[in-house]
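You will see chain A twice below: alongside chain B first, and alongside chain C after that.
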Partner chain A sequence: MTGSRALSIGTRTLSHVAVWFYAALLLLPLYFLVVSSLKDNTEIYADGFGLPPKWRWENYVNAWNYVDLGHALFNSAYVTVLSEILIIVLAVPAAYGVARSRGWIGKLVERSLTLGFLIPGFAALVPTVLLAIGLGLFRTREFLILDYVAGAMPLSVILLAQYVRALPHELEESARVDGANRLQILWRIYLPLIMPALATVMLLNFINIWNEYLIALVIGGPSVDIRTAQVALPTLVTNQAAQFGLLTAGTVIVLIPVYLCYLALRKRMENALVSGALKG
Partner chain B sequence: MTAEASAPASPAARGVGGGGGPTRPPASASRSRRSRREGRDPGLLALPAFLWFLVFLVGPLISVFYLSLTDATTLIAPMEFSGFGNFVAMFTDPTFWIALRNTAVQVVVVVPLMVVGGFMIGYYLMLRPPLAGVLRVLFFTSALLSVSAKAMIFYAVLQPNGLLNQTLEAVGLGSLTTTWLANSDTALPVIMAIDLWSGIGFLGILFAAQLTSVSGEVLEAARIDGCGHWRTMWHIAFGMVRGFVGVVAMLQFLWTLFLSATTVLLLTKGGPGTSSTTLSYLLFAKAFQQNDIGYSQAVGVVLFVVGVGGAVAIRAALRSRA
Partner chain C sequence: MKTRARAILSVTAFGAVTALTLTGCSGGGDSASDADTITMLTAAAEGTPGGDVLRSVIADFEAESGITVELEVGGEDVPLVFETAAAAGEAPDIVNINAVRNPLTWIDAGLVVPVTDYLTDWGLADSALPAAIEEWTRDDGQLQGFPYEGYQWPIWYNTALFEEAGVEIPTTTDELIAAAAELRAAGIQPFAIGGNDWSGQKLFLQIAQSYLDADAARAIFSEGGWCASDDAMKGIELFTELRDAGVFVDNAEGLEASSMSAAFMTGDAAMMSAGSWELGNAPAELADSIQFGGLAVPSGGAFDAPTAYQGTANGFWISTNGAEKIDAVQKFITYMYSPEVAAQFVDQAQILTVIDVPADQLGTEVSPLLAQLTSELPTEVAYALQPDRYVPGDITEQQIRQTALAFAPGTSADSICAGLDSIYG
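After this line comes the complex of A and B, so read on.
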């Protein structure tokens, strides 16, 4: 008895040590990121762990100017906001349709979207570029929007449909008696009720679209007028011959929007990330 | 039936939607009045989104198979049907086999470590240890980093004078320092380590959420019965979320298989030599750097087949025992 308890205390200590060792591994590069953004190369090479001897805020200014991060952040915001609007316009009616469909259409759509969720968009990267060229939208932010909206459909519709399904049918009966049509019912009765699920979907899409790199690189390309923040960031490596202070400062700038959102909406964002992964 | 026929609105949609109509029990009077009021199948509202999905995702995905059978070179060059030429070229290209091996190593190392490590962290978090809140914030933070930001962080950390080598020097392991990204023995392990770095914690959070929702009291009981944590974790908790572990393992497999191109592109460009070229990166490089769309899409077909086969196998192996 005492033997097994001793063992249990042993494993418990071991598990604390193991988890916190991993936590330290996570934290160190993040700490390095932040302190390096206020140093120059000599200081980083001399002591990567130390606090900045002199706080070089000019790294942020220079990183911002060298790769035109202002423009890039605007492009990211433009693509993200317009995508979100289109996603809502398409996914809310679709989720209602899937959840309330009495026929094969709803089933077909839901099954296809569930399968679509499994296949990463990367698999179709090359034909997607050809489609952009065919539509005359290669090297535009607008095609990025069209593509991101399509990529967001599986998760958005499935999550919203699950929520709608849990709402009682009787909700719309009385409105129907009053002669309201489907879109009015959707707008007036369902939209206010599905707000929590909609917030989850919008947060997930915000993270996914804001953080997307490869499609933005290949479709949008390197031009300053089109490239998003994620595409602009790595050009700091080539542009500035590896000045790590600038590189890390630029990285911090690009991370700020998502992270501020996380700090402001912590619980909601955590639930969104968990349910987004679980419902697949 | 008569009620249905008398309703003028779109008989086609109703014919399918109301298929169960005639067999419905006696309350058919009120039923059919209701279905008349409801009109068309609301499923129609899903069609715009579905169409969008078909045009921008399913269509391109199917085109991968077609393009793999053409001699397409650049994105704008005219292309002709060329049979299985690309597959012959691919299967006789040593680089393809190296990429296949690298991808196999990547999947075999990353997926099990990620799922097992994530599950253990999830179990740990479920027990609500001290400072669990701090751990959660840290794990979520790593999950919120974009791939390009993560690559830039590690680009700085792994420099010859970067944080990793400085740390090794500081703890007396100076002999282990190397040029991590430019050494053909470490380039691929580094790519895998970056995935694990941010992935294990996030999977831990997912498992913690799932364990908490299905099993709180049962696990409490097991503890009172004197089961050690190690046994409770693997014999009881694991069994309870087995199906969920299967889903997570399958998704992680697909992510690892398909999505390494970005990290490889930003950190090693597949090198030195071909030491860190994965199938995902080979697809990207052939299409956008070496002007060989046909070959690139042949790799795409291989990825697709391996992805579907692997996903089905993982699901079958880790079904929940109902």
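After this line comes the complex of A and C, so read on.
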């Protein structure tokens, strides 16, 4: 009994140490990012992890002004939010259809969606550019939205479909007995129940879309009217020099919306992650 | 700053976009529709000395000419942005970038127009230094663009650190090896270099041509044949000797130009190989300790004095869209080529230009470092062949990867030459 208890305490201590160590590993780059954002290049290289000898808050102001970060953040938000809305509008009914389909067509659709995972984004760059030009949407935010939605659909549909499958059929049958049509069943029954999974999908898509660089650069381009924050920030780096203090200050600013999105969706996402553990 | 992942993505994207361009895809954009507006893509970020002067002179030009210049900043990805826009028929009218790598392929890809005739028709042939025009002229005689910024690319020496270690500035490679040992013994890192990027590539090629005459170096840079050349192999062996003797800073193979500059500017390293564009980053407290010189040379080599590079940096390329509104472009280029405008880059940003600026048009107080670079350095060094003009643009990235391997300890001269030859196809 005593030995077992000692083992338990030892295991718990080890677990705590491991968790704190892992947390420190995650915090270290974040700390480096924040302190670097308050230094100039020389100070960053002289003592990367030390506190700034002079707190250069002006880095934030300059990063904001030099690349018109306000405009770029608006563009990022515009593209990301509209993409998220479109993904939800399209992926939820698609997932419901795929999950409830009993025929071969449903299976075929689901398997064809998995093929979407096999194509890396940059491999599709040329056809994507051609499509943008062909549609007359080159150098527009609207094409970015369409592209991001198309890219996010396979994973979103498959994740949501798995969650819908886990819900009991009886719910739907009861609703149908009460006279609800499919749209009402989806809206009133399933949508509230799949919110944890939807939150997970939204968060994953938010991070992917917000941080996307290559398509935003190549198709959106560097024009201030269109470029997203991810395209604006690297323009602080020239072909001969980089201002790392400004760059990290801008990066901190651009990270804030991602963190806010996580805070907003955290609870529901955690519910989705643990729901499987409570079943059975 | 450029990460390897981003570099790979950029190279992939460049290949894809080049294919797109060569297939003749064009969206037929309307950027040529407004003759009083020209668009210019540049890497010059706001907040940098050069970027701020560029914006200032453009504002003056707009007020003077009534022509609007829309500036787009592409950072390190200017070539990729330009090529993609060109594929869609929406290329900016002017691109402000240097004549290395991708841009060297732009005339053949039909993305920019040769400016040979414009130079003479606009009366600018005598405005720029002949060597700069020659550098931007292809073997077939076509001038690729208007060169603008120039540079001296010496070795920067921190004399205070050399004094601390009790050694002189080296002029021979034997002295360099001895100096590096003394510096290390004094706890000072010797030669800072970004072994993982273009700065390391340039230093490697500077050392590798130590025993090559200009014609031989030109041929090898253009066509390869490193392993087959005894003199090239002697140069590569000299490089490995310097590397193995600890001349370069620790972990040089993983560093980039920005970390090289920081190591020198913070006083951690006693030497670096950097161009005059770094002048604006030199801290005031270090200025008195900076001495420019050449790279130490071996006895019996092709050079009789320590070597440096000189050449041109960013210039102006005219796209096919720009050629359709050539009157406005002419006014802009002619304005930029005026000595008064060029003098502002020298005075305010310490950026050398290829424009012949009379001394009386420069400010009264030229920076001592700038004066040292422009007056003293050219008399003290021999100029090595700048490889950017001769190494084919489409293999430059691969060559940088090979030279990065060369900085890694243990890489033999045979392995280095084989790697370099492999990329010439």
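In this section, the second predicted complex is superposed on the first by the 214 of 280 C-alpha atoms of A that agree within 3 Å, B and C clash if a C-alpha of one lies under 4 Å from a C-alpha of the other, contacts with A are read in each partner's own complex, and residues count from 1 in each chain.
Basically, contacts are C-beta pairs under 8 Å (C-beta built on N, C-alpha and C of every residue); 3 or more make two chains touch, one makes a residue touch a chain.
Predicted model, so just to flag it, every value in this text is computed and none were measured.
Peer 1: With the two structures laid over each other on chain A, which partner does A:80 touch: chain B (first), chain C (second), both, or neither?
Peer 2: Neither partner.
Peer 1: Does chain B (first) or chain C (second) touch A:151, or do both, or does neither?
Peer 2: first
Peer 1: Pick one for A:200: touches chain B only (first), chain C only (second), both, or neither.
Peer 2: neither
Peer 1: Counting residues of chain A in contact, which comes out ahead: chain B or chain C?
Peer 2: Counted on chain A, the partner with more touching residues turns out to be B.
Peer 1: Quick one: classify A:221 as touching chain B (first), chain C (second), both or neither.
Peer 2: second
Peer 1: Give one of first, second, both or neither to describe whether A:246 is in contact with chain B, with chain C, with both, or with none.
Peer 2: The answer is second: A:246 touches chain C but not chain B.
Peer 1: Please indicate which partner A:254 is in contact with in the superposed arrangement: first for chain B, second for chain C, both, or neither.
Peer 2: After superposition on chain A, A:254 lies in contact with chain B alone.
Peer 1: So, does A:59 touch the first partner chain B, the second partner chain C, both, or neither?
Peer 2: The answer is neither, since A:59 touches no partner chain.
Peer 1: Which partner chains sit in contact with A:11 here, chain B, chain C, both or neither? Use first/second/both/neither.
Peer 2: It touches chain B, and chain C stays clear.
Peer 1: Looking at A:235 after the superposition, I want to know if it touches chain B, chain C, both of them or none. Which is it: first, second, both, neither?
Peer 2: second
Peer 1: Name the residues of chain A shared by its contacts with chain B and its contacts with chain C.
Peer 2: 44-45, 122, 125-126, 129-130, 133, 213-214, 218, 234, 236-237, 242, 244, 247
Peer 1: Using the touch definition up top, name the residues of chain A that touch chain B in the complex.
Peer 2: Chain A residues touching chain B: 4, 7-8, 11-12, 15-16, 19, 22-23, 25-30, 32-33, 36, 44-45, 47-49, 90-91, 93-98, 100-106, 108-109, 112-113, 116, 118-131, 133, 146-147, 149-151, 153-154, 157, 173, 176-177, 182, 186, 207, 210-214, 218, 230-231, 233-234, 236-237, 242, 244, 247-248, 250-251, 254-255, 258-259, 262, 266, 269-270, 273-274, 277-278, 280.
Peer 1: If we count contacts the way the header does, which residues on chain C are in touch with chain A in the complex?
Peer 2: 1-2, 6, 9, 12-13, 16-17, 19-20, 25, 27, 41, 43-48, 50-51, 72-78, 80-81, 84-85, 87-90, 97-98, 257-259, 261-263, 265-266, 268, 275, 277-278, 281, 283, 313-314
Peer 1: Would you mind writing out the residues of chain A in touch with chain C in their complex?
Peer 2: Residues in contact with chain C: 41-42, 44-46, 62, 65-67, 122, 125-126, 129-130, 132-133, 136, 138-139, 213-214, 217-219, 221-224, 234-244, 246-247.
Peer 1: Sort out for me which residues of chain B touch chain A in the complex.
Peer 2: 13, 16-19, 34, 37-39, 41-50, 52-53, 55-61, 63-64, 67, 75-76, 117, 120-121, 124, 129, 134-149, 151-157, 159, 161-163, 166-167, 197-198, 200-202, 205-206, 209-210, 226, 228-230, 244, 247-248, 250-251, 254-255, 258-259, 261-262, 265-266, 280, 283-284, 287-288, 293, 296-297, 300, 303-304, 307, 311
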